[in-house]
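If you scroll down you'll find the structure; I have some questions about it.
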Amino acid sequence: MKKALDIRWLYILLFLSIIVPMARPLGLPLKMGTWTKVVWDTLDKLTPNDVLLICPDFNPSIESELGPQRDALIYHLGQKGVKAIFVTFVPQGTQQTKKFITGLEAAGRKYGTDLVDLGFLAGEETALAAFFGDMKKACPKDARGTATADIPLLKNINTARDVKLLIHFAQSLPGTAEYVRQLGPYGITFVECVSTGAMATSVTYVQSKQALGLIAGLQGAAEYEMLNKHLAYATTAMDSQSLAYTVFIGAVIAGNVIYYIERKRARTK
Amino acid sequence: MRREVPVFLGSAAGVVILAAYFINYKPLATLSAELMNWGIIMSAFALCLASVNLVRKHVNQIARKEPVAPFSLALLIVFFGITLAGLFQGQNSAGFTFFYKGILEPVSASFYGMLGFYLLSAAFRTFRARSYEATLLLLSALAVMLGRATIGSLIWEGFPGLAEWFLGTPNAAADRGVLIGASLGLLSSGVRLMLGIDRAYLGSEE
Amino acid sequence: MIIKGREFSFLVFALLVVMTIYLMRRGKQSWSVRKIAGLDAIEESIGRATEMGRPVFFTPGGGDVVSGASAVDTMAAVEVLSYVASMTAKYKLKLTVGIRQANTYAVADQTVKEAYVAAGQPDLYSPDIVQFYSPEQFAYAASCVGYFQRERPSAILMLGWFQAEAVMLAEGAAQTGAITVGGMVKFNQLAMMVACCDYILIGEELYVAGAYLSQNKIKLACIRSQDFGKLAAIVAIIVGTLMVSAGNKALVKLFS
Amino acid sequence: MSTDLTVWLAGILTLCAYSFLYKENPFYRLAEYLLVGVGAGYALVVGWTNILQKAIQPLQKGQIAVLIPVVLGLLLFTRFSRKQAWLSRYPIALMVCIGAAVALSGTIKEQLIKQIGATMLPLNSFDNIVFVAGVVTVLSYFFFTFKPTTAIQRGSALVGRSFLMVAFGSMVGSVAMLRTSLLIGRIDFVFKQWFHILK
């Protein structure tokens, strides 16, 4: 039973490591990774006439990882003043689209001429293939009930080839692999916004240059905020994150030291 | 016959889509696009089917007065609440947003966050350098964690770079190897499917 | 005829399909399969359960035998289950199978029943062996962990298709001191199992285990065909790498 | 303290979920069931929107061809009848095969050929050598029907397995980060948005 007690102390330690920096920010320095920088530089080169396709395929379960990325992108894209088409292939993604559109409208973009919400499409990878091949056929109407043929923004846009860049938020399915498979024929680049959980498997596609860059997790969002020079949730949460990792790292090391000592003792007996 | 015909039609649809990918022939491309469009519509029905299935199951649990019946009742109440709000008032309505913000968002995030405690428990009790392989795993996990946490760069400047190296070189290489293997696997399971050999997905023989 | 830029893909595709079908047709003989550490561990763990007289627990995870995405993995797990059940029948051990999906339940129950009959122990079979916990992800995982804590099985086998609950199951199992064998094809959750379990079936090893234990000749032929595919990939990579190192980019261009 | 009813509900349910850490209890179970109920309702609503826009409205405009997928979609519901359940095999077989063919067509070029091509790196740096060696040895680890007779084969498979372990380690490290940020999000919610204790 002694062991069960031990682990609860560790839980409390983890809790404290998160809450203390929230009350008293430590302002730990953040070191910039290369992946996020590539994405920011690419997006910074966009002009107001460039049309983006944004697919927020994630559920609120990982809001605290991808939400800050979404907000940092809204800020950046709002300043750049680009045009954007939204569509999602997971049911709960529609709420994320809504947040995007509200944010970009606040930055002065107009629905219909600059922004359009094509809602959700069922069918995962099949839907991806159909949508990229013929957007207006896959989505005869936008989420607000207007026929897509009548939307000014979509006038010259029919296939994935007609957009400048795709930004994809990945949680599970459809993930990086599905997008790589279906975007291949259209030769457009795409940016992956992933949780740290998916980072290790998405990085392969960055290496093969099939994906342009990666924003990974809360840290990626914090790096993006730093590049935006507009600090928000992710930057403040990174203090908690750093301290919480330290607890994890400490737990692994402590566990192994105990294991080593126990084994040594068992041997000398 | 009750299995052969569906399998045959499915295979035919699959072959059309594959052929349209390779062969430059307009009618084939049109047919393939149409089939995918059907796929979307059927998937939308499947999404609704899953919900109907769930309702049936929980209605049964209540009817049979199973111990979980009160929970099933609560489930049905919120299910009909959000469905009615969404269908009649729209997805932007206050009612729909209430269920989304009040239940879906917090509970799903909480469950996924809770796994952090299991992970911490595993970090302390289970992640042990018991063998050569376990040691490799531990070292790479530590390198990634130290590189992504600020504490790492305070100890040694090189940790963030080391973490990116671990992720971008040995990890990506292993992942690439697995990916190539998995693609070949997908191909052979696709062949089995198109030939109608794999039919477990059609359920048991009746 | 062939869309421009896809000629080479078509060639590769056609070659692979022809090879697979060819191997399937002459797959009368079954291919011998290399030793898989995780597979031996299943036997070993059941052996230890016999010595200790404690139960064996098996779960195929949250996959559904009728859903395209997880059907293949789940069927492979059921094939392993058939073997496990025949062993527990032989050694008269208590077996419990925890299930999340209703369709998988039907298949698993049938499989266990057949295995007990085939092992000559039909009276040891009971409908309580295969238990339908809950389709709700965490309710299912909590039921499994609850079972681990109550019954203290000496062998816990988690093979199949898992989602985020993998860490909960793997850590919950590790705490009981049982021999744990984990295995799945999807890589992202497998990592947690590798870190927590005593033995693992990595990726495709699960398919091979299922095909080998059930002597499914068609699946074994597919595995053989994939081996040739991998060999070709290795040769292409080595030749291409050497050519690029020497400044010749012909092969890289072909493969792009 | 927040005065928003939604925030209160969200806060209480967050605590219900975490009560599992102490032990399994009815509050935790309630949270789980509510999540499932709302998730299913949400899926039904957006699924229905798809059916409305892609099937029913085109039908009203006289596009008869849409009837085929609609009928197929409706056949899915025969699963509830014991006698007619076999009819649901038509849409299931079509969906599975269409999905597989779509995935397969993209796989060959994007995930097989291009991935092999991207591995052909000039062996002029340490990283490239490690990368190529990693891919080749991992592939060799997944040989199942070739007898490992030579030392090279056995050695290669062993190195491949080591690469896999490093990859698993990276994933474990990354997942640890994911779980902490989710936890941070919940704690942030409880103390900042619900109780207003922290600013």
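Per-chain residue numbering starts at 1, and chain names A, B, C and D are given in the order in which the chains are listed.
Following the convention adopted for this analysis, contacts are C-beta pairs under 8 Å (C-beta built on N, C-alpha and C of every residue); 3 or more make two chains touch, one makes a residue touch a chain.
Quick caveat, the model's predicted, so the values are computed rather than measured.
Judged by contacting C-beta pairs, the busier of the interfaces A-C and B-D is B-D.
Distance between chain A and chain C, defined via averaged C-alpha coordinates, is recorded as 31 Å. For this pair, chain B with chain D, the centres built from the Cα atoms lie 2 Å apart.
We define each chain's centre as the mean of its Cα atoms; on that basis chain A and chain B are separated by 17 Å. The distance from the centre of chain C to the centre of chain D, each centre being the mean of the chain's C-alpha atoms, comes to 18 Å.
Of all residues in chain C, those touching 2 or more other chains are 6, 9, 13, 66, 68, 138, 167, 187-188, 191-192, 194-195, 203-204, 230, 233, listed in ascending order. Multi-chain contact residues of chain B (touching two or more other chains): 21-22, 36-37, 39-40, 42-44, 46-47, 91, 100, 104-105, 108-109, 111-113, 115-117, 119, 121, 123, 125-127, 134, 137-138, 141-142, 145, 148, 167, 171-172, 175-176, 178-181, 184, 187, 189, 201-203.
Touching of two or more other chains is recorded for residues 11, 14, 61-64, 91-92, 94, 121-124, 126, 129, 143, 177, 196-197, 199-201, 204, 207-208, 219, 241, 245, 248 of chain A.
Taken chain by chain, the contacts link every pair, so each chain touches all the others. Looking at the complex, you find that chain B touches chain A at residues 33, 36-37, 39-40, 42-44, 46-47, 91-92, 100, 104-105, 108-109, 111-113, 116-117, 119-121, 123-130, 138, 141-142, 145-146, 148-151, 153-154, 160, 164, 167-168, 171-172, 175-176, 179. Note for the complex: chain C touches chain A at residues 69, 187-188, 191. Listing the residues of chain D that touch chain C in their complex gives 20, 24, 28-29, 32-33, 36, 92, 95-96, 99-100, 108-109, 112-114, 116-117, 119-124, 132, 135-136, 139-140, 142-148, 161, 164-165, 167-169, 171-172, 175. Of all the residues in chain A, the ones that touch chain B in their complex are 3, 6-7, 10-11, 14, 28-31, 33-35, 59-64, 91-92, 94-95, 98, 121-124, 126-127, 129-130, 133-134, 137-138, 143, 177, 196, 199-201, 203-204, 206-208, 219, 238-239, 241-243, 245-249, 251-256, 259-260. Chain contact summary for the complex, chain C toward chain D: residues 6, 8-9, 12-13, 31-34, 66, 68, 136, 138-139, 142, 146, 167, 187-188, 190-192, 194-195, 202-204, 208, 220, 223-224, 227, 230-231, 233-234, 236-238, 240-245, 251-252, 254-256.
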